[in-house]
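Dropping a structure here in structure tokens format, bear with me for questions.
Residue numbering begins at 1 within each chain, and the chains themselves are lettered A, B, C and D in the order written.
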């Protein structure tokens, strides 16, 4: 069955924009904040193979709470996707406005596979879902057809068929 | 572009067979060993949504070092895949003989998507790749065509086009 | 030298009052908050021996940011220390007003060894100092003379000879 | 009560000799082994204050399983303690022969406070007691009278009044 099917060679861009995934704890203020992205360390931990790394590009684009994300920021994400040499892209994003950014990217009609993911608990906090979500999104971006998707809770959603259930802290198919 | 494409609803079986991924530390002997699988806790941590969990079945089948895996064990994995109500399956397996088990599963010509994954560092040890790999495999199993695959190092490999590079501790395309 | 000296048998009370040490992350709001104290799990992890546990009592007294701690709360901590059957007491407390609580306890002139400790980074967040501080305070409470102390940064301070350096996020001898 | 008592300024030497505390996982072999000690990172995590660090010296002396520790190694530990400018010393050691090394150090009759500690679970493995034990030993070394001690399970033991209970994986007073 898999005879005539060949998995494509990895060629992936991972774009950090901030969000819960990438929050750090500031011991001086007691607040969560952004500093250098955790993603480069997370990708090393994932043991992405050296030869593959040539085609796995990390880009630290923004470091924002998704509630602070404005049209100009979405434009910058769109530009980054447009200019990406890689046609398969993971965007790490805050969960609150992930869908709005996905809509903006879908409107741009890029012929690329763009998977937005994030986390309900920061990567650096106990029991975080972030590292699983990153792995999930990296696979989805490599395998799904061109389009814009949201990957959360172990599921891939079409961008226009998902909503965040804020009471339960998870993403679900739109009703 | 994504208009006529709908991501399938999750329907996934995750089968534990042991391997580095699932090793624990025994404080009495100082050795690594198998006890209750870490996978149920890992899946909760991944925040797989309740309604989806109905279709995300976990099965603790074996708890073996992959070097100890014999034909009879591979038969049991094959049977588990054959009998699985879910057509999309993740098998968590030791890395040393992952390819041999994949070959046995491919020979069975099941009309299912089976993704074998594992870890270079146990889930419970610092800097482990396990949780990323699990996320990656869960996405790959939901998205790839029927066939048998190996997911490691952030890449999906066709089962017959991969080898473990033991000097570098990673999987790579066969030469 | 150690011939005529016998280390006393452990008899220790550990009192939780909240503070950074014990903060959890709330995935629904993105804020840090208090829920069930991490201390019972931390003490199990410390492998405090079963027979000793009879004399190692944990008390969940308060769950407050130390900035919210008022005189009435300090009275409750004082009462808890006064009524403690154990003469050696660790109080886990927020760092911002640790010194004020220590002063209130010192004023009570209890014939007990009371060691206040806390953390600059919550126990559940990456790279936390909390578990070290807890171990340090448990030893200090068992070994120091009656009095009130603050244990932070791997040092034991007399309560009236310490200040928090807020710019550097550490405790130091008063100048 | 604490009026006339002043906690001494920290002046501490921490000597690594190996043991479970300091074991790493080797992804290439699947075995636990020694490489660069985790202690410098652990001490930074403990946020030992900069000015204090001048008096908190770390020494990577040995990297041995305690079962491999011979008389010559114990001589080296004894020499390191003898030559230490700090009179308060923590020795991180494997648990299996901690008592034998303690006996050798006690026989040397050094006028120093030497606290041996270790871990039942390596620092880098989930649910490890190591960081607590390190904190405990750092306090005990600063506060106990000159002599040789073993710090495990949240208790300080005189070196000649402790035994490892191998069935239960803990240290206890000798019977």
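Methods note: a contact is a pair of C-beta atoms (placed from the backbone, for glycine too) under 8 Å apart; a residue touches a chain by one contact, two chains touch by 3 or more.
Everything numeric in this text was worked out from a predicted model, so none of it was measured.
K.L.:
By the touch rule set out at the top, what is the minimum number of steps from chain A to chain D?
P.N.:
Minimal hop count between chain A and chain D: 2.
K.L.:
Farthest from chain D by Cα centre, which chain is it? Let me know.
P.N.:
Comparing chain centres, A lies farthest from chain D.
K.L.:
Using the stated contact rule, I'd like to know whether A-C or A-B comes out ahead in C-beta pair count.
P.N.:
Between the two chain pairs, A-B has more contacting C-beta pairs.
K.L.:
Cα centroid separation between chain B and chain C, in whole Å?
P.N.:
Here the centre of chain C sits 44 Å away from the centre of chain B.
K.L.:
Whole-Å distance, chain A centre to chain B centre, using C-alpha means?
P.N.:
Computed value for the inter-centroid distance: 23 Å.
K.L.:
Suppose each chain is reduced to the average of its Cα coordinates; what separation in Å results between chain A and chain C?
P.N.:
Chain A and chain C have C-alpha centres separated by 40 Å.
K.L.:
Tell me, which residues of chain A touch at least two other chains?
P.N.:
Counting only residues that touch two or more other chains, chain A contributes 120, 127, 169.
K.L.:
Given which chains touch which, is the overall layout a line, a ring, a star, complete, or other?
P.N.:
Ring.
K.L.:
Which chain pairs here would you call touching?
P.N.:
A-B, A-C, B-D, C-D
K.L.:
Provide the residue numbers of chain C that touch chain A in the complex, in ascending order.
P.N.:
The contact residues of chain C facing chain A are 20, 25, 27-28, 30, 32, 120-122, 124-127, 166-167, 169.
K.L.:
Name, in rising order, each residue of chain B that touches chain A in their complex.
P.N.:
Per the stated touch rule, the residues are 1-2, 5-7, 9-10, 12, 42-43, 45-52, 56, 106, 109, 111, 120, 127-129, 131-140, 142-149, 151-161, 168-173.
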